[in-house]
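What follows is a pair of complexes built around chain A, which joins chain B in one and chain C in the other.
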Partner chain A sequence: MSEEGEPKLVNPEFTKEVIKRGADTITLCFQCATCTGGCPSGRITAFRTRKLMRRVQLGFKEDVLPSDELWLCTTCMTCDERCPRGVKITDIIMTLRNMAVEEGHMAEAHKRTAGMLIKTGHAIPMGDKFRELRKTLKLDEVPPTVLCDPKLYEDVVKIMKATEFDKLIGERIDG
Partner chain B sequence: MAKVGLFLGCITPLRYPGIESSTIDVLEALGVEAKILQGTSCCPAPGVFRSFDQEVWRALGARNLALAEEQGVEILNICNGCFGSLSESSHQLREDPKKLEKVNNILSQIGKKYNGTAKVRHFAEFLYRDVGLENIAKRVKNKQDHLKVAVHYGCHFLKPRMLKEIDDPERPKILDELVEVTGAKSIPYKDKQMCCGAGGGVRARTKDVAQKMTIQKMENINEVGANVIVDVCPFCHLQFDQGQEEVETKVPVLHLSQLYVLAFGLPKERMGVEAHAIPVNF
Partner chain C sequence: MDVAEEGSETGVEREEEEPRIGVYVCHCGLNIAGSVDVEAVSAYAAGLPGVVLSKDYRYSCSDPGQEMMKEDIQKHALNRLVVASCSPRLHEPTFRAMAEEAGMNRYLVEMANIREHCSWVHLYDKEGGTEKAKELVRMAVAKARLLEAQVEKKVPVLRKTAVIGAGVAGIQAALDLADSGYKVHLIEKDVSIGGRMAQIDKTFPTMDCSICILAPKMSEVGRHPNVEVLTCAEVKSVSGYVGNFVITIKKKARFVNKNCTACGDCSTACPVAVPNEFDLGLASRKAIYTPFAQAVPSTYAVDIVTCLNDGPVLACEKCIEACDVEDCIDFNARDETIDLEVGTIIVATGASTFDPKVLEEYGYGKYPNVLTTLEFERLINAGGPSGGHLIRPSDLEPPKNVAFIQCIGSRTEKDGNPYCSNICCMETIKDALLIKEHWPDTEIDVYYMDIRAFGKGFEDLYKRARSLGVRFIRGIPAEALHLEGDDVRLIGENTLLSEIYDEEYDMVILSVGIEPREDSEVVQRLFNLSKTADGFFMESHPKLLPVDTPTKGVFLAGCAESPKDIKDSVTQACAAASRANILMAKGEVTVEAITPMYVEDNCNGCGLCVKVCPYNAIELIGKKPNQKIKIIEAACTGCGTCGAECKFEGLIMRHFTDEQIVAQIDGALDENPEGKILAFCCNWCSYAGADFAGVSRMQYPSNVRIIKTMCSGRVSENFVRRGFEKRAGAVLVSGCHLQDCHYINANYQTKKRVEKLWKEMEKLGLDTNRLQLDWFTAAEGQKFADKIGEMKEIVEKVDPKEIDKAAETFKPKKKKRKQ
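Right after this comes the complex of A and B.
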């Protein structure tokens, strides 16, 4: 975020790119702040949904893409529900986050989660404790998902390669 | 009644498998023809993976949807995250032929094709619409009138309203009715529709922020003296179950399927409450 008083770099191309990627409702925002008023994250952090929308309209790319606040939205969609202009706020935030990740802004914790998907096809690991519990519950010890069949996991890997997700995350997939 | 394929996702089978076994037992007790949809992957999770890259999110989603399509079943979700993710990806693929074509180019590499016809359902919505409260009521053996329930809807069950078309997300009734049919009482509390705090990758990245939201919800839940939280999402479930460390009066958590195991008098040991951080003693 720029310091108070420092001139901001306006980048109209940034706004155009956001619109091009399908987040065209950004132009409808008339800054009423209904979104901010209902935002559960804004209640406890400095994240302000309305301001984020304004920064995108104005093309303040450097304020938006590297920022931490972009990642404080829980995607609860309360704002989408209430916005009087039909701005698809969470869709816009998704688009912005995709752009941020492309530019290399990604938290370590999120890289680990992405790595887990690449390694297993699931978002979290399978622990021994839960294997045991599954047995006790008379469920298949390993869930009947891609976890139980290497061929199916390979299919998932192919999809991640075809979309270059592995490259994006900076993890090499073996084989 | 439609045939359904139960979509497992990640958190249910790998953290709260009791939700999986409870759901299977409850569906069977209600005479629903349900099988686990085999060979699925992560939905992929809307908060993290959609945030990272919508291309891979749509393509992996399409693979899961194609599996349901192939097997001629509606895809039944017991997780708001999976439900939100697959509803949104299937909607995009239905509305945008270019996206569908792109996804199918990728799926062709694994010998699959998605025709855009999969029906994405949520467990609670399916019970309400396809099974019906009356039929559920008939199955209730043990009235749960000792339970004062803080119902937690979560966000991706009902929103976006236009896509889900289930109930009014600001003043919903569906889940309260599904809870009260067991004889339990749903107690109103402040900011009931508020998020648990976990979604959008917030729990993974800034756990303290997620915790603060949960603590706010817990203050409101404790204010009205609820003795259980009932949810329809294993991620909200995890957030409430593991996020109450700093809360003095801890309130146990049940997924709707686990509540029905109690109410229907099904084998309690299949509830898998050993996995819960907050003991469940009902």
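Right after this comes the complex of A and C.
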């Protein structure tokens, strides 16, 4: 993110590209800020949904794609519900995240979660605590997912390779 | 009041003069020339049969342009004119008047709409646009060859007006016309006149007391010798035409007669209390009541729905007992039906405010101290339930801090209306000032997106509010939370600081927008009006005919046309009165010579035309088998439904004859017919909708050829058959939406005929998809453009064999009798 006062690099192609990827409602935003006002993340972080929308409208690509705050949205969709202009805000944020990842920007936490998927086939690791908890609930220790059958995990890996998910997040799958 | 001379009537003694047509292709600056090769069109026109002169010209409608045409008419002995320029709905009257000045009958002018229907909708397809323009000219020339001179009839205009709705706009229009010497019927559905302005406390930007400036006008109109005020009255039906309308009114019984002295004793005695609509339910009223002190008429009224008495059966006589005046309260009173004959009508039916209950995040209707601006007006009004003391509904305490939220239900694509409501910014600023003037210590925050202080004196008022300490915060609250003690917490972002605010208020006022009345559709149908996309009534032209409607003799005033403040409502009322005055002062109006001509020899008295006429303008006379018909000219409006229904060539529609329309069809389909869409559009809705698409530059494929009729009811089945015989790729029949026909219900005949054709085609094994029927309002330009796009696909997919088959099938079996 550039410092205040530093000249912004306006890139109109960026706005066009975001619109081309389905975010055509971005042009409707008139900065009323009901999105920021309702944002549960914005109340405890510096995330300003409205500002993100404005930066996209103006083509401030370098302020958007590498930024950390792009990853502060929890996709609860409160902003979508409140927006009087019908801007598909959460969809736009998802589009922006896809574009960011393509350019090699991804929040550390998200990257770790994605990496876990590659390693184990699960986004959330199956630790001892979970096993204990399942036991107390009289469930099988291992859930009926890829964890119970290594063949299923191999299939998931195949899919991830075919879709180049591994390349996308910068983790190689061996073999 | 002269009817056309016998000899000059079409077809009777037709002058067999050779057509000498002059064609003028207008550049309209670059409006047309920018995407149509006008020189090529003009050169093409020169070669068309009957054309003796063809020119292109920069601005045909300009004085020099018109002078040139006049000279050409003389010099080249032209007897027909084709002007290829804008929509005939815009400039046909101009060119007709010019022709008349040059000694040519006004009905010998034909227009080709190469702007709204061509250059503006094919901005990026110069080749297709030019090709289309050529063919539109060819169609116009084909019709022009067959045009005949007509003599217009004059009908008297009654010097009486009906004004519908007695808010400030209706009152002003009624006063202006009454002062000009006309009889005015002022019709109001509530028990008092006054409308919204009577509810409001002060007006912006001058801070005048609203009722103080309105009340004198109310009593003036109430006692004006030329005005009949009809309250508790609603319009039930409207018939007739410009100059000669008949309006049927239902006047509900008031149960209190004019002897009432408005002492109020009856109301004090009445045991029934219900929410007072005038105070928006913030206070109560009795079943016998007057809504406010300055009401006109001052006579009390019984709300029979809530009264314990049901008409003459008396369960309670408390009001009668309390009344000192003899026979003042009469439960035997009955609703009345009144017929009014008027020459002109002014529709001033007003508007409603947006109901913010749907915006659940603000808690309106749930949190007691969240109010609307209209409720605030009643709370701060000396005549209101709190006597002008600003108090919170929850505990009747004065609020220490107040927040206003702007744009509630306005400028939204979701819950509410997409437009800016025009008045809310200034209303809030005025309201904030009112609080500051009375209780200067009250803290006031206004949450806004844009403050629109655009009018005379508005910016000054805005400045005053700021200088008195009203805080304007940019950023609309995302939600209102209810706190203990009925306070309200607002959370949002101050966009100018990029900081979150989280503030508590004693009272929150939602600045609600204006929207069309719920019953506006009823009014629309009664008076044959059109609506714009926002739901308000549409004017004839947004710039040049801002108070006229498509129904001649009916005018608009006030918020029925669009959201506006008091000054604009009054200005528009004066304008509407002036427009009505022009018609009535003249005392007569010419009606277009487009009524049918009766060919008695061909008529076999079947009476089908009588059945389909929406105006009962055709009567059967004589007995079978010598039954014939009679046309009542004065009642006929020229829709042409009878002409389309007649199978025996017994009715010839003046200026829209079968011959002329067939010539246009053939002209459209002379070249490459398989790739074309032949479209029939009615003058009032679908043709105007296509014009709207043009004005708004909505792009659509260039392979459509539009033929205008007054009503879709004019489209005879034979026109469609002719289209397919001539190998049209597809045919579109279009008109006003079924309930909105400009000719009462003539478009039901359109529907019937198209459905009949579909059945016929199905039976013959033809592709019914090639015949489309659709309805467009004058505001549905996008819908029209989309429809043409959709039909282009039909045309592209149609099998050539299918076209051959239809062409063969619809070839006339035997030669019809020639006139």
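Operating definition for what follows: the second predicted complex is superposed on the first by the 165 of 175 C-alpha atoms of A that agree within 3 Å, B and C clash if a C-alpha of one lies under 4 Å from a C-alpha of the other, contacts with A are read in each partner's own complex, and residues count from 1 in each chain.
In this text, a contact is a pair of C-beta atoms (placed from the backbone, for glycine too) under 8 Å apart; a residue touches a chain by one contact, two chains touch by 3 or more.
Treat the numbers as computed from the prediction; the structure is a model and nothing was measured.
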item: Partners on chain A (chain B, chain C) - clash or fit; value: fit
item: Touched partner set for A:51, first chain B, second chain C, both or neither; value: second
item: Contacts of A:19 with chain B and chain C, given as first, second, both or neither; value: neither
item: Contacts of A:31 with chain B and chain C, given as first, second, both or neither; value: second
item: Touching partner for A:168 - first (chain B), second (chain C), both, neither; value: first
item: Greater chain A contact set [chain C / chain B]; value: B
item: First, second, both or neither for A:77, with chain B first and chain C second; value: first
item: Touched partner set for A:43, first chain B, second chain C, both or neither; value: both
item: Contacts of A:152 with chain B and chain C, given as first, second, both or neither; value: first
item: Partner chain(s) touched by A:143 [first = chain B, second = chain C, both, neither]; value: first
item: Closest Cα approach, chain C to chain B, once both complexes are overlaid on chain A (Å); value: 7
item: Where chain A meets both chain C and chain B, residue numbers; value: 43, 78
item: Sites on chain C touched by chain A in the complex; value: 361, 407, 411-416, 449-450, 474-479, 491-495, 498, 500
item: Sites on chain B touched by chain A in the complex; value: 8, 10-11, 13-15, 17-18, 20-21, 36, 38-42, 44-56, 59-60, 63, 106-107, 109-110, 112, 155-156, 159-161, 169-170, 193-195, 197-202, 204-206, 209-210, 212-213, 216, 269-270, 272, 274-275
item: List of chain A residues in touch with chain B within their complex; value: 40-41, 43-45, 68, 71-78, 80-81, 93-95, 97-98, 101, 106-107, 109-110, 113-114, 117, 121-127, 130, 133-134, 136-139, 143-146, 149, 152, 155-156, 158-160, 162-163, 165, 168-169
item: Chain C partner contacts - residues on chain A that touch it in the complex; value: 28, 30-39, 42-43, 48, 50-51, 78, 82-86
